[in-house]
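Chain nomenclature is as follows: A, B, C and D, assigned in order of appearance, with residue numbering initiated at 1 for each chain independently.
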Amino acid sequence: MAGNTFGKVFRVTTFGESHGAAIGCVIDGVPSNIILCERDIQQELDRRKPGQSDVTTQRQEGDAVEILSGVLEGRTTGTPLALLIRNKDQQSSDYNNIKDVFRPGHADQTYFQKFGIRDHRGGGRSSGRETAARVAAGAVAKKILSLESIRVISYTLAIGDVRAMTIDYDVIEKNVVRAPDLRQAQAMIERINEVKEQGDSIGGIVETVVIGCPSGLGDPVFDKMESRISHAVMSIGAIKGIEFGAGFSAAKMLGSENNDTPVVENNKLKTLNNLAGGILGGIATGENICFRVAVKPPSSISRAQLAANKDLSLQKIEIKGRHDPCLCPRIVPVIEAMTALVLVDTLLIQKTIR
Amino acid sequence: MAGNTFGKVFRVTTFGESHGAAIGCVIDGVPSNIILCERDIQQELDRRKPGQSDVTTQRQEGDAVEILSGVLEGRTTGTPLALLIRNKDQQSSDYNNIKDVFRPGHADQTYFQKFGIRDHRGGGRSSGRETAARVAAGAVAKKILSLESIRVISYTLAIGDVRAMTIDYDVIEKNVVRAPDLRQAQAMIERINEVKEQGDSIGGIVETVVIGCPSGLGDPVFDKMESRISHAVMSIGAIKGIEFGAGFSAAKMLGSENNDTPVVENNKLKTLNNLAGGILGGIATGENICFRVAVKPPSSISRAQLAANKDLSLQKIEIKGRHDPCLCPRIVPVIEAMTALVLVDTLLIQKTIR
Amino acid sequence: MAGNTFGKVFRVTTFGESHGAAIGCVIDGVPSNIILCERDIQQELDRRKPGQSDVTTQRQEGDAVEILSGVLEGRTTGTPLALLIRNKDQQSSDYNNIKDVFRPGHADQTYFQKFGIRDHRGGGRSSGRETAARVAAGAVAKKILSLESIRVISYTLAIGDVRAMTIDYDVIEKNVVRAPDLRQAQAMIERINEVKEQGDSIGGIVETVVIGCPSGLGDPVFDKMESRISHAVMSIGAIKGIEFGAGFSAAKMLGSENNDTPVVENNKLKTLNNLAGGILGGIATGENICFRVAVKPPSSISRAQLAANKDLSLQKIEIKGRHDPCLCPRIVPVIEAMTALVLVDTLLIQKTIR
Amino acid sequence: MAGNTFGKVFRVTTFGESHGAAIGCVIDGVPSNIILCERDIQQELDRRKPGQSDVTTQRQEGDAVEILSGVLEGRTTGTPLALLIRNKDQQSSDYNNIKDVFRPGHADQTYFQKFGIRDHRGGGRSSGRETAARVAAGAVAKKILSLESIRVISYTLAIGDVRAMTIDYDVIEKNVVRAPDLRQAQAMIERINEVKEQGDSIGGIVETVVIGCPSGLGDPVFDKMESRISHAVMSIGAIKGIEFGAGFSAAKMLGSENNDTPVVENNKLKTLNNLAGGILGGIATGENICFRVAVKPPSSISRAQLAANKDLSLQKIEIKGRHDPCLCPRIVPVIEAMTALVLVDTLLIQKTIR
């Protein structure tokens, strides 16, 4: 109801504020006897953590995870998995001067309007820090997907106007912007640094491919695969749009162009171009699921801008602190995590249907 | 779980197949003492029904709704509202020849893969006909929203390359494509007719504006307003993308461009351009919520195309019958309905929070 | 949320008022390819319908069910099953004189307090008539359980002070009170007739045995098998208590008496007396699940009694009409239905766990 | 789905095993701006903790709670409340010798059957220790109820054959068995000590009264107040039966005896005897809600008994360790907590209905 739980069978509830004691999550519905240890989760958290490179925030947060329950001798027991990440390196006093300011582009204003109270320290619950708990849960989901040979791969397709020309999954983790094209990665890094020097930030596009998704996953009517993935991915703070397969370009196509032409390969039904993005009628076809999201430029910029105060007066502010000039590099593991949560859930739901 | 229910407090469960006995829905969680009659629902159904004009399918379906329960002497009683629409004008035998064919772009293949059985008559449950039940439920939601002065307005922004130049809400229902620009509406109609004559179909873009949404609606983290609207709207069969406010163009912007500049009007906090689309941190700001969706061209075209059979052989098919050459005109009330369902739900949820 | 849906995977939503147009239900989550026809459902409805004998109400209601969706050529398709029962033989005008009276023991008062409006015609939604929709849903559940050789058997254990001495499942449907003891059934019938002649009513106890429940069903912590069955069964209007296995007598026992002694039979773990009622830690052991419920005497009696009016004045009333002098005979299929709903749900949930 | 979450609006998810790192819970849906501190929770935990007296287990567990999130400067923020209780005083090695034994009356057998793996250390998740997390959540619920002047009071009505003769709420916390009758409390203590010396345990009855519940709470049909309270309370490990108002004695009554006679007091509708237990048609009348539960004797006894092993062989065992000879004294706060969770939830749900 209150929006902090995701999933139907594999249910993740996250908690925690940016500058509170801890963040974390409880996952109910984890199948029993899955081999799992803290290292499985830690390695995904390390992909999201701040301070990885020059193009991300310089904050240093270890984000060490502790499994509090649900695992016995390296195997899940079928009981809830509680994952805890203590907050460290909090500089809450940094935020005292913005206690009554609504930072542009942030949720300061709306949390106050919703709850009549807000945790001003680093955005509180609305902070991007909350996504660490999602990545932790997603790591568990990925572990289960790997047993079914399902892979989720996200990468930075574009930063501003700089776009990847080739797609090579193997180079994604070999460049700090997580682009699938090493040459363009370099151009992206330069663009980010340029923007950063101006005290500004920049947006981008992240593309995701799900490989090995069995046909039949996803549910009709209200829980179509597009619906559930959109729900999951659009819940990540900075994402303002999503499109599957041909996406917005389908709006300009004729039916004869957009309908995929079937081909049979190794006794399996495929299509020539998979313009449908691996989904028909909301249900996976067995081809790669493919979608792209629009990532807005980070709202925290050091350039002076006008902001409203709680009392509705306006003032110029310059946001201090160590902020990401572009979210794409660090949002990649978050998108993968949210996508993995949807896939595990549809996988478990499918067991109840036939 | 199985995907036929939408909403948390205001919960709509739809049922029915295109060529079965009936379609309809049950709505649980309707507040008591709302004035409601069948005419309220029928007028919305009439906006969605086939046969409205030359640019929609020529099928004639009355789609007469019956309220089976939940209303006493013109007022809701707080008990479930059951709405029934009997199917008529079914020409099921039309579909006998495609019993074992997977029509391109349709869910024929995936329903079979999911369930091991499929209702081949007109797409069964995956038919667009199912959306009549959503429109009926949405009519009830709109009735409740109107008590809070909240309006949901959708319109055809573009058909293929033809795009509205002006936005005039008053002309939307005065042209058969439901465009907000009478002049461009004419061009859109011409484009659809052109395509139709070629036995083809065409896509488009529908934009939605929510006027009067109170600030504070929507929930943090997983149930952000964008998440819930995306979930709702992406569950409509032909929609392949959605973007809020600046949407995909934000991916090319700098933070200093994309952050909205606050202004105070009549003691209310607003922004210069509302690039955020009326939502910050997933919660409504009180400004208009604005989003656009990509509508793919209808998959049923009479031009010959290659299709796969259940036994994986391929064959040429020409889809007979009376199909929409463009979905935009009739999808407008469906998008409004799904948006209204989300808004009513967030409105009722908000009552539990403060 | 609003209480008209039961179940997690196999989800039943009922609708309808006693004197409205119809009652019925929608079941989402029915596995595909289950053989099902209207007769399967009708035969359970016939066990619940009024007018079966002298000891039940003399109202004649056919309660003919129509399957509106979800079945194709005798098999479920995995889409929602909508079941419709039109109301007939409604004598709504009978109720005009009690429009502003709160009948003792009925929900008249509380529905008005809850909703600020109530359907006074025959109790509206609070009428026992609503349970017909449950029995219809339960019939579908039983069909699925039968595929796993699980049987649910309820019977009248006692009417007032008259108690069955023997338990013979084969005679239950051979006497009008549905007792498992033909001799005591006769005494029960006499007791009911005695009470009926006095314009009064009488309570009783119904016992239920689930045979063939696989070990492992039921969930830990909040969804223990006892919890879910209690939830289900206590939601039947007239039931005021439930106990499993030794039940309230366990409150007087020592641990050494109440702990079941294990025995091994045919390589299966059993117990000497199954005092636990087939459940340990909320999870089925594989032995028979056994529970008893207290059924209160029907509140509608023709003897004069004091009642409150909406304006808080008091008056003497005599309730006219054709009412059951004892609910046990007709509540038996309702308890079976609710139990079957729980069992099917736990069966489907279990598929997601290992 | 997997049973570790309770509630619809006020949703509690508990986690943790008896001998794992920690137990705790996350509560989503806590209204904002409620004054709350750790002491509010700790004082309820102290009522449940072991080692309070001679008649409870001698284990010493501090059960110190930490609020990890959701509270800012002494007020709830509307975000999830995470409560953590680290496990201490764990003597896991005590359990090595029962790794492959199914202790009689415990969930050892059924957890293994359900999950194919079990945490044998102190019962793991099935341990009564899990209820500490419920009590913590219940403390938050009680805080909210107190704002509406709703009180939940549970007490030991009987231990074995010794029953309270008078009901004086003020003495409940003044005797170690939490009986409402000081004289009979002494007899209960003697009975427990007698049983304890024999290496045995004993059952009892706990009664609960809810004072100040507004009329209208509870939902029709499947979520009747009795249903939801039964679900909540029957999910406590040792409880095997529940009855409301007249309960099982109603099974022997006539309608004319069981129907409550209305009286009007201070312009409020009441009844002479409240045999209905404060609930009609599943909805609160405004009178005290009253129910009783049967608490079985603890399964862990030191007297020798026969137990089954995982390989289905049988052996004599004597359960060592420090166990409760009677659960009533310590189950009282757990029952109060579960009842409070239901009441807060119905209170919040009611806000969405009118």
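Here is the rule we go by: a residue touches a chain if its C-beta (ideal position, glycine included) is under 8 Å from a C-beta of that chain, and two chains touch if they have at least 3 such contacts.
Quantities reported herein were computed from a predicted structural model and do not represent experimental measurements.
Between B-D and A-D, more contacting C-beta pairs join the chains of A-D. Over half of the residue-numbered contact pairs of C-D are shared by just one pair in A-C, A-B or B-C, which is A-B.
Measuring from the averaged C-alpha position of subunit A to that of subunit D gives a distance of 39 Å. One simple way to say how far apart two chains are is to compare their mean CA positions; for subunit B and subunit D this gives 46 Å. Chain contacts: subunit A has residues 1-5, 8-9, 14, 29, 32-33, 78-79, 114-116, 125, 220, 349, 352-354 touching two or more partner chains. Put simply, subunit A touches subunit C in their complex at residues 9, 29, 31-33, 78-79, 220, 348-349, 351-354. Those residues of subunit A lying in contact with subunit D across their complex are 1-5, 8-9, 11, 13-17, 20-24, 26, 28-29, 32-33, 66-70, 72, 75, 77-82, 84, 114-119, 124-125. Per the touch definition, subunit C reaches subunit D in the complex via residues 1-6, 8-9, 14, 102, 104-107, 109-111, 113-116, 125-126, 130, 158, 160-161, 195, 200-205, 215-224, 226-228, 230-232, 234-235, 237, 239-262, 264, 267, 269, 276-277, 279-286, 294-301, 303, 305-308, 312, 314, 349-350, 352-354.
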